[in-house]
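What follows is a pair of complexes built around subunit A, which joins subunit B in one and subunit C in the other.
Let's turn to the complex of A and B:
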């Protein structure tokens, strides 16, 4: 049987017009400028860049405006756009040790070398709505700037061999998930690429589950730092590395318990999170999930969802998840007709059996009473 | 070029890329590309995959991509290149022109003085101001001594 699959063009055209009208709002109100979004909604821009997996504030701001503030839609727009651009290559590894820090805190040591620098954070706000216009603020500059390269908090523990060592080793080329499909089991570098563009809400929920006892690993926020990091590339035409600009990054180093075993002394272990822009919640969630996913490597019992790489990595991407959930809106008319006619058949059989049984019961009862 | 001039070129290319686009445009105002400038590669925006390190210092992983605009220009004998983060074609073009002119021993001192030095100063000032502002939010703990 064939069903009509064409038609609706005009309805779609009208729908797009309605969307454009709704997006723009009252024409008497000025349209948002990209600079306004970039500056005044910078945390939204950071999220769209991070999960859109493309660092470009201008494009992210454009995507947010076009998506009317729907972050997942904006992320989708950015992901789609990046596929139209040529890939020039891979950058040199970002050196977060040399980050020009604007915020740096530790939940493990009060007096860290370099100090606790709060920077711009919502942590100490009262979470009360502020009515009235924002008043321009005159910020204060300290007499002495911060140290050029902040020492890493975890190095304090490393000096005492109380935390697992981490170095580049043979510095293997990581798998690139934009070029190769995700395969299981995925190594840590591959998992981190997945988590890096993973949905903040999903990772936050997964991270929370580990704190509530599903794969408890006693986490401490060893160090969180945010600031600017130089991006270096080494083009073939030059044969030497040059800076091409700086980007804002948030890095989270979690410290977790580990009991040791198999010749490894008891020591702290690490969970790592890195986010584009100011993205502390995401970086912390990523670090907790990264640590939970290391269960096999550390010989920990794996029973919780956050420890299951197939579960976490397959469901972290909000572009995929949103697409699959929302594809249910697409016409499933034929599928549904098949289900409907099957259900009608079963329903008819049910009615027939019920009436057969109704007639059968008295005969059976008669037989039993005669026995 | 020997290693030291490689280093010098890497430094000026970095400085040009890190500059604020408007500041670079203002500084390069006096150095309009000559008529014989040939764009070997017109400005083109593409992607680099950002590489991070696990734990900050461990093995590499892919963080996500970044937009980069590159272009190449020939001015006389010299070929200037630019790779600049973001999608600003004008920024890349000006940086490539400056790179070509800076390789010319006759032009170098003038560009050094009128372009590189002002950019370096403003970069330093920008970074220092940001650092001082951050430093102002450094926590000073006061410990209360208990007992005597």
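Let's turn to the complex of A and C:
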């Protein structure tokens, strides 16, 4: 005999116990320390900070451990915590020209003032699994230190007026998307904010589509730089900016061909990407998508998914996407019941019509044979 | 109660923002008010809009009921109730009549609501035109112009193709004769309960960042045609537990041979009705 289902509360409690047990694994193995995660899984930490929109390595490491390494869950944890934090104010715009560069490369010039600097990159590893313990390697101090100031590669083209000029401060003040809803059409500052919080995989796919003919923009990696940038705030009571620390950033400036249009002469155009920590794949993807989304402003025909800002910006956020896709596992008994009864009605109707037709045909044939 | 978080999780400034948006929603019945939806500790699509509305409404003396599919004991309803018991320490109940705030997903309780109660709906997609027009900029214009021809054509095409309107839940309504509105995915069985309801009805869509409202005693009309009037679902069965012939029924498969039974989706109503029948 069926009785009304009860016990949801108990089931949840037992499930949480099972989760805690699975998360910890064998108690004989030591639990991961946050310092280990911060230092040895730093790229994962960077992604969680970036898409979690909170620069805090310690909290990101905590989230990764709590999420058992599921990055999207860790991002979600960090976002939910971020909601509860008071907002003291906004920093000054970060000045990435003053970045203390650890990596800086350009795909457009063989050499650039300040030099090409590979820094720590997986690009030229040979992807051979390294069995056995990692051997500590002593790094050797360079004979010549890196240049203090590294001019932006794109500024070199700017001097020749070959690339569109973007005046510093010309952009509208960005809205805070974590405080205000995204409205369409969104300006570039708002789009960039959305993209920087967007899912790396989604942006990578979107960016890739622009390279395969869906909004081709003939990109060149003008410059990618990674390093530390000072963060300045200007408290009202002080009236001047003070440095509160520095954060690691990866910046990508793409150079794209443009044949002119919408009153703009033929020139190179820019796509921009910025990510927290070492996040080169994300920054590059973001720069390609940013450029594709500028189609209206540049008078380019808009037909590809990556050029459609409602499509890209509404679906870039993995916390939103993951929640809504997975909500399908919640009960939908009531709606399903409604659909069931509708389908039964339609199906009965179909059978009735079919049998009507079936009966109608022989009669007609009979009439014809008599005639 | 968890002391490290503010009462009902959200900070007071956020609640103020929500209350302002809710006041606007009540002032323009059925209009979707964009709001600064926060990232909640429950996933998007699982009731984050409803949770934010409830958090903005709750005071220490409120009595909260949470239902999903009409039932108090479905896991997501339990989880949301636990969340507010933990972060606000408010009293909770499973009795519709005892609650001052009821958060719901997919149903309106069978027990008639009163003026001193507020019903909070969790809304996955606030835009009733979305499946017909994916672009937000377009649908906002349609609402501004009250241009709902697209929806009428859709319903007409249903009739032309199937002989009747083939929408069984999330059935579009016109609120106060002005805004086409999604009643959230409640079965159309519940639509008549929206019309001239004594209780305030608030709708929260967290992921889509929209709030809207149906104030008490507002006219709510389910779209239909003169020759195809609006109809609700009917069953040949009665509830196998309480015998009600008037409530919305869930179909339950009880054995391997596909034997079905029908029971009330509203568990509180079913329990009450059963108790009355026994007495």
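Keep in mind that, in the parts below, the second predicted complex is superposed on the first by the 355 of 371 C-alpha atoms of A that agree within 3 Å, B and C clash if a C-alpha of one lies under 4 Å from a C-alpha of the other, contacts with A are read in each partner's own complex, and residues count from 1 in each chain.
The rule we apply is simple: a contact is a pair of C-beta atoms (placed from the backbone, for glycine too) under 8 Å apart; a residue touches a chain by one contact, two chains touch by 3 or more.
Owing to the predicted nature of the structure, the values given are computational and were not obtained by experimental measurement.
Visitor: Based on the superposed arrangement, let me know which partner A:196 touches: subunit B (first), subunit C (second), both, or neither?
Guide: In the superposed model, A:196 contacts subunit B only, not subunit C.
Visitor: Would you check which partner chain A:210 touches, where first means subunit B only, second means subunit C only, and both and neither mean what they say?
Guide: In the superposed model, A:210 contacts neither subunit B nor subunit C.
Visitor: Could you say whether A:54 touches subunit B, subunit C, both of them, or neither, answering first, second, both or neither?
Guide: A:54 contacts subunit B only, not subunit C.
Visitor: In the overlay, answer first, second, both or neither for which of subunit B and subunit C A:185 touches.
Guide: In the superposed model, A:185 contacts subunit C only, not subunit B.
Visitor: Counting only touches as set out at the top, which of subunit B and subunit C does A:326 meet: first, second, both, neither?
Guide: Second partner only.
Visitor: Going by the contact rule set out at the top, does A:90 touch subunit B (first), subunit C (second), both, or neither?
Guide: After superposing on A, A:90 lies in contact with subunit B but is clear of subunit C.
Visitor: Looking at the overlay, does A:256 come into contact with subunit B only (first), subunit C only (second), both, or neither?
Guide: Once the two structures are laid over each other on A, A:256 reaches no partner at all.
Visitor: Of the partners subunit B and subunit C, which touch A:106 in the superposed model: first, second, both, neither?
Guide: neither
Visitor: Give one of first, second, both or neither to describe whether A:142 is in contact with subunit B, with subunit C, with both, or with none.
Guide: A:142 contacts subunit B only, not subunit C.
Visitor: Which residues would you name on subunit A as touching subunit B in one complex and subunit C in the other?
Guide: Residues common to the subunit A contacts of subunit C and of subunit B are 82, 86, 178, listed in rising order.
Visitor: Okay, in this complex, where on subunit A does subunit C touch?
Guide: Counting only subunit A, the residues touching subunit C are 2-9, 11-12, 76, 79-80, 82-84, 86, 178-185, 310, 314, 319-320, 322-327, 330-335, 337-342, 345-346, 349.
Visitor: Going by the contact rule at the top, pick out the subunit A residues touching subunit B in the complex.
Guide: Interface residues on the subunit A side: 49-50, 53-56, 58-59, 82, 85-94, 96-97, 100-103, 110-111, 115-119, 139-146, 152, 154, 166-169, 171-174, 176-178, 188-190, 192-193, 196-197, 227-228, 230-231, 233, 235, 237-247, 251, 253, 270, 272, 274, 276.
Visitor: For a test of understanding, state which residues of subunit C touch subunit A in their complex under the given definition.
Guide: Touching subunit A from subunit C are residues 5-6, 9-11, 14, 34-41, 43-46, 48, 68-71, 73-79, 82, 105-107, 124, 134-137, 162-164, 166, 168-170, 185-189, 207, 209-210, 233, 235, 240-241, 248-252, 254, 261, 263, 265, 267, 270-271.
Visitor: Could you pull out which subunit B residues touch subunit A in their complex?
Guide: Residues of subunit B touching subunit A: 6-7, 9-10, 13-14, 17-18, 44-68, 70, 72, 81, 83-87, 127-139, 141.
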